[in-house]
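In what follows, chain A forms one complex with chain B and a second complex with chain C.
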Partner chain A sequence: MKRLFISISDGKGFDILLVGLAMFFLLALAGIPLLYNVLMSFQEVDMFTLGSFIRPWAGLDNYRYIFAQPEFWLVMKNTALFVFCSMAGQFVLGFGLAIFFQQNFWGASTIRGLFLVSWVMPGLVVGGIWSFILAGDYGVLNAILEGLGIIDEPVFWKSDPDLAIWAVIIANIWLGLAFNMLLLSVGLAAIPRDLYEAAELDGATAWQRFRTITLPMMRSTIGAVLALGLIGTLQQFDLFPAMTEGGPANTSSVTQYWAWQMSFKQYDFARGATISMLMLVFVFMAAIVYVRSTRGEVRG
Partner chain B sequence: MRPVKHTYLWLLAAFVFSVIYLFPLYWMYITAIKSPSEIFASPPTFWPNDPDLSIYPDVWEAREVPRYMWNSLVIAFGATGLTVVFGTGCAYVLARYRNIWVDVGLFLVLMLQVLPASVMVTPLFVGFNQIGLLGWPRTAVVLGVAAKSMPFFVVLVRAAFMTIPRELEEAGLVDGNSRIGAFIWIVLPMARNAILVCALLIFMQAFGEYIYSASIIQDQKLAPASVGLKTFLGPNSKDWNAIMAYSAMYVTPILAIFILLQRRIVAGLTAGALK
Partner chain C sequence: MQIEILNLDKHYGAYHALRDVTVQIPKGQFVALVGPSGCGKSTLLRSIAGLETITSGTLKIEGEIVNDLPPRKRDVAMVFQSYALYPHMSVAENMTYSLRIQGVSKADALKRAREVAEVTGLTDLLDRRPRDLSGGQRQRVAMGRAIVREPKAFLFDEPLSNLDAALRVHMRTEVRALHDRLGATSVYVTHDQIEAMTMADHVVVMRQGVIEQQGAPMELYDRPANKFVAGFIGSPAMNFVDGKIGEDGHSVTLALPNTPVIPLSRKAEAGRNVTVGMRPEHLSLDANDGQIEVAIRSVESTGSMAYYTTRTDPELMLVEQGRNRFRTGDTARLRIAPENVQLFDRKTDIAI
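Let's turn to the complex of A and B:
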């Protein structure tokens, strides 16, 4: 007993205790629930079996049910569109702004820091603000676009089935852009200045310098930022309840929102778990890219 | 690096970009003080004809903002506290050694970091229901949010511990400190700022948390401000000046803290996220 106490206060036991507490906590509240989710996707869960661990085995029935849903392909298509366009928008605009703020002018880093306010705002509030900006009849975006002569009549961003998902994409690009910019700025700052100066002396144009110095030097940063963008977009949930609730007629629903609806609107937890399983496949693919690209950094 | 030519032109461009980017925030504050009819004016007014601040006390009262905000604070403090208490020690050990077990631990932490809350909420809800934790819904949400944010915290704080020289701790051990003593009196004070900044980030995220609270907390009296906002925000909402006033009261404290501590937050965030 005394030896155990000494080990905890002054030896290996101390390290094991510190890591063990955190790992136990994560195991109980993330690891086990994850496995439980896998289990539930193969079970029949209804109001009568909700409270017991032993439930009728459903095999692949839940998966068959989900694949047979009329909205299945629509939701998959929306998810692909949402993920790809959000990532592309966040990355391209974020990269552009990161290069812009990399120029050495007075106030650059302070103004860049202000952009990050979007990142600390609650997703639900961001969704609410954009929902109002994108309103059809009285939305300010339509007014601005009409004023500039880009459109002739109001665009019904949220209620037009072809555009509803785009409304959420626009809000999500705004939300994630600043974080992308920050991470890319850190990567840009790490490129040695003399490379650019040497290239300039040799007469390389700005585009040539970007293509032959910036892009190759930023490869690992870009990989990590894209992986984080994919993860962040698949984690994005709050904008959907705030803006469209997946409507009209599921045209702006994505897997994460569909899974939640299945569990907490229809109380069909097994099918909710099944949809999340489909999503996890993509999440883990992104995770592998992310872990690989940050391993060198994180290990230090 | 040598300064660019025409600094003021760059500054002007930066100013234009930030005005465009921060316009949604301006729109939130300005809509809140417009009259209900002016909100639906077409074309919209960019400055209210008749600014009316009385919307704030009205919404504060009618939408029970104090109670919702209090619940948000309880959840945010609880989740941040748990994350810091469990996460700091874990980050310290993962920074102190380099062996196969540390690699395995880091890999697990990074993998857990990517799990979406929308995936975890179903098994957490069913599991909490089975062990009877739904009777304490705020505690249940605190546990879920802490588990969600801990990997992120561990990765960031570990980066801070890596920068503290081992020799300092070893000197402390030679001077007669125990491992606990050296950790508390030497290592922790040196990493204090980084820990505080990361805790603040976790706090701000937990303060805006929505999905766990919306799914787990059934009683509106225990629900946080995000759930309170959702009671009158949706695809068909019309009450825009009240929504914006509520939003403004919700986010202004977070924005104020962020702007005050911007430099430190950005530095803490970039140290661990990426080099």
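Let's turn to the complex of A and C:
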């Protein structure tokens, strides 16, 4: 007994205790629910079997059902569009802003700090605000575009089937911009200034310095930002109920919203779990990118 | 002239970093900029490189005014104190970076890098990354990277200060040998006056943005223009004692115990208050022969040299060849070699 105490206070026991606590929470709050989700996607779940663990085995029936849904390919296309365009927008604009604020003009760090506001705001609020901005009849954006003579009649961003998903993408880019900019700023700040001076003396133009110094030195940061951006975008749920509710006619619905509708609107938990299993594939790819990019760190 | 710096001024806001700096550097010369930290020597070097913009004055490289040229168009290479090697590139890639930027083919650039690697002893390291190299090796890569370019001038910003003492001494001769071999023009910034004295053809001593004196190393050593240069150049440093010129103008009385009188070889204004500078090697100890009697406060012996300090006010430092003949606490007679005494005005510190 005494040896156990000594081990916990001074030795290996302490390490095991720390790892054990983390592992316990990970298993209890993420691992087991995840496995339960996998299990549910192979079961028949209805209101009567909701409370039991052992349910009728469904095999791949749930998957077949989901693939056969008329909106399946539309939702997949929307998800791909939403993920790719949101990430591209967040990353490119975030990188641009990070480089802009890196120039250290007067007030640069203060203004950069203010960008955090978008990060602090709840998604529902952001969705609400962008709903007002993008509103077809009284929206600010339409007013500006009309004032500038770019459009002649109001654009119904949220209710036009061709535009609805873009309305959510625009809001999501705005929401994730600060996170991208901040992480990329940190990466930029970690590159020693004298490398740029050396490259400048070696004859490199600004663009050549960016390509040969900034980008390769930012490799691990960019990998992390993209991986976290993918996860964050697949998690993005709040904007959909706040802006389009997946409509019109599912033209702005994505997998995460569809899974929620399936589980918590139609109480079809098995099929909801099945849809979320499809997302797991994407997240898994993101995790691989993230781990690989942070492993191959090249610094100083 | 390879590099001409004419009446250069540099302000950082209200701070006057460089004041009316003029230095002429002929082709093939090794020039050292030396001074205490904050004296503006690095700012001057960075101004030559184009990394700092100058407020006024003229900067010429090979006769062309480069005041408004960006660094990449000045064709000068710089070796940084931190080495500033590109961490994500191999040694070969580091060395060929500028050539590749210029559009030289990869094969030609690599051939050139191999030639330079031969000279700098980097042949076996070409595939390594900088983080796998020792400090001395990184330093060589930084030099190799500069040499590959065959620039109009080499700029060194305290390149040896991150090395250990033994390697630093070794690299001193190596850098200088490389300079001679390449027929290069070099500007070398250091805070270490020994580096400046041993490596350079021409030494520029700076303080607070002003050039205090420039010239050949021994010229600075033998005829310092003022008390600052006299104290800064030479190790151990020159001794300074207050003194007063005698009535005849041909002698100086020192403010030491028993007020020794030293004859002067040249005439000075009678009664003038001066500071007398005496280098440690121009003082010596003797059992019976000497101007005054002094007690010895401390003795340091390296075997080949003996360093004494005396129990006087101010304390005097003196150096003798060979083993120490006296020990701490001994008393001895102090001899001052009159022909080597330097005089400075007490108020202005300017050499008389």
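The definition used in the following text is that the second predicted complex is superposed on the first by the 271 of 300 C-alpha atoms of A that agree within 3 Å, B and C clash if a C-alpha of one lies under 4 Å from a C-alpha of the other, contacts with A are read in each partner's own complex, and residues count from 1 in each chain.
Methods note: a residue touches a chain if its C-beta (ideal position, glycine included) is under 8 Å from a C-beta of that chain, and two chains touch if they have at least 3 such contacts.
What you see is a predicted model, and the numbers here were worked out from it, not measured in a lab.
By the touch criterion stated above, A:Gly123 is placed in contact with chain B alone, chain C being left untouched. When both complexes are overlaid on chain A, the residue A:Ala286 reaches chain B alone and has no touch with chain C.
When the shared chain is aligned, chain B comes close enough to touch A:Gln256, but chain C does not. Of the two partner chains, neither chain B nor chain C is touched by A:Gln266.
Of the two partner chains placed around the shared chain by superposition, chain C is the only one that A:Asp194 touches, whereas chain B remains out of contact.
Of the two partners chain B and chain C, it is B that touches the larger number of chain A residues.
Contacts of A:Ala204 after superposition on the shared chain: chain C is touched, whereas chain B is not.
Once the two complexes are overlaid on chain A, the chain A residues touched by chain B in the first and by chain C in the second are 298-300. Residues 1-4, 7, 10-11, 13-15, 17-18, 21-22, 24-25, 27-28, 31, 39-44, 82, 86-87, 89-90, 92-98, 103, 105-112, 114-127, 129-130, 143-144, 146-148, 150-151, 154-155, 158-159, 162, 178-180, 183, 201, 204-205, 207-211, 214-215, 226, 229-230, 233-235, 237, 240, 243-244, 247, 250-251, 254-255, 258-259, 262-263, 265-266, 269-270, 272-275 of chain B touch chain A in their complex.
For chain A in complex with chain C, the residues that touch the partner chain are 192, 194-195, 197-205, 208, 212-213, 216-217, 219, 298-300.
Against chain B, in their complex, chain A makes its touches with residues 9-11, 14-15, 17-19, 21-23, 25-26, 29-34, 36-37, 40, 45, 50-53, 97, 100-101, 103-108, 110-111, 113-118, 120-133, 137-138, 140, 143, 146-147, 158-159, 174, 177-178, 182-183, 186-187, 190, 193, 221, 224-225, 231, 234-235, 237-238, 241-245, 247, 256-257, 259-260, 263-264, 269, 272-273, 276, 279-280, 283-284, 286-287, 290-291, 294, 297-300. Only residues 49-51, 70-72, 74, 76-78, 80, 82, 84-88, 97-98, 101-102, 129, 131, 145, 149 of chain C touch chain A when the two sit together in their complex.
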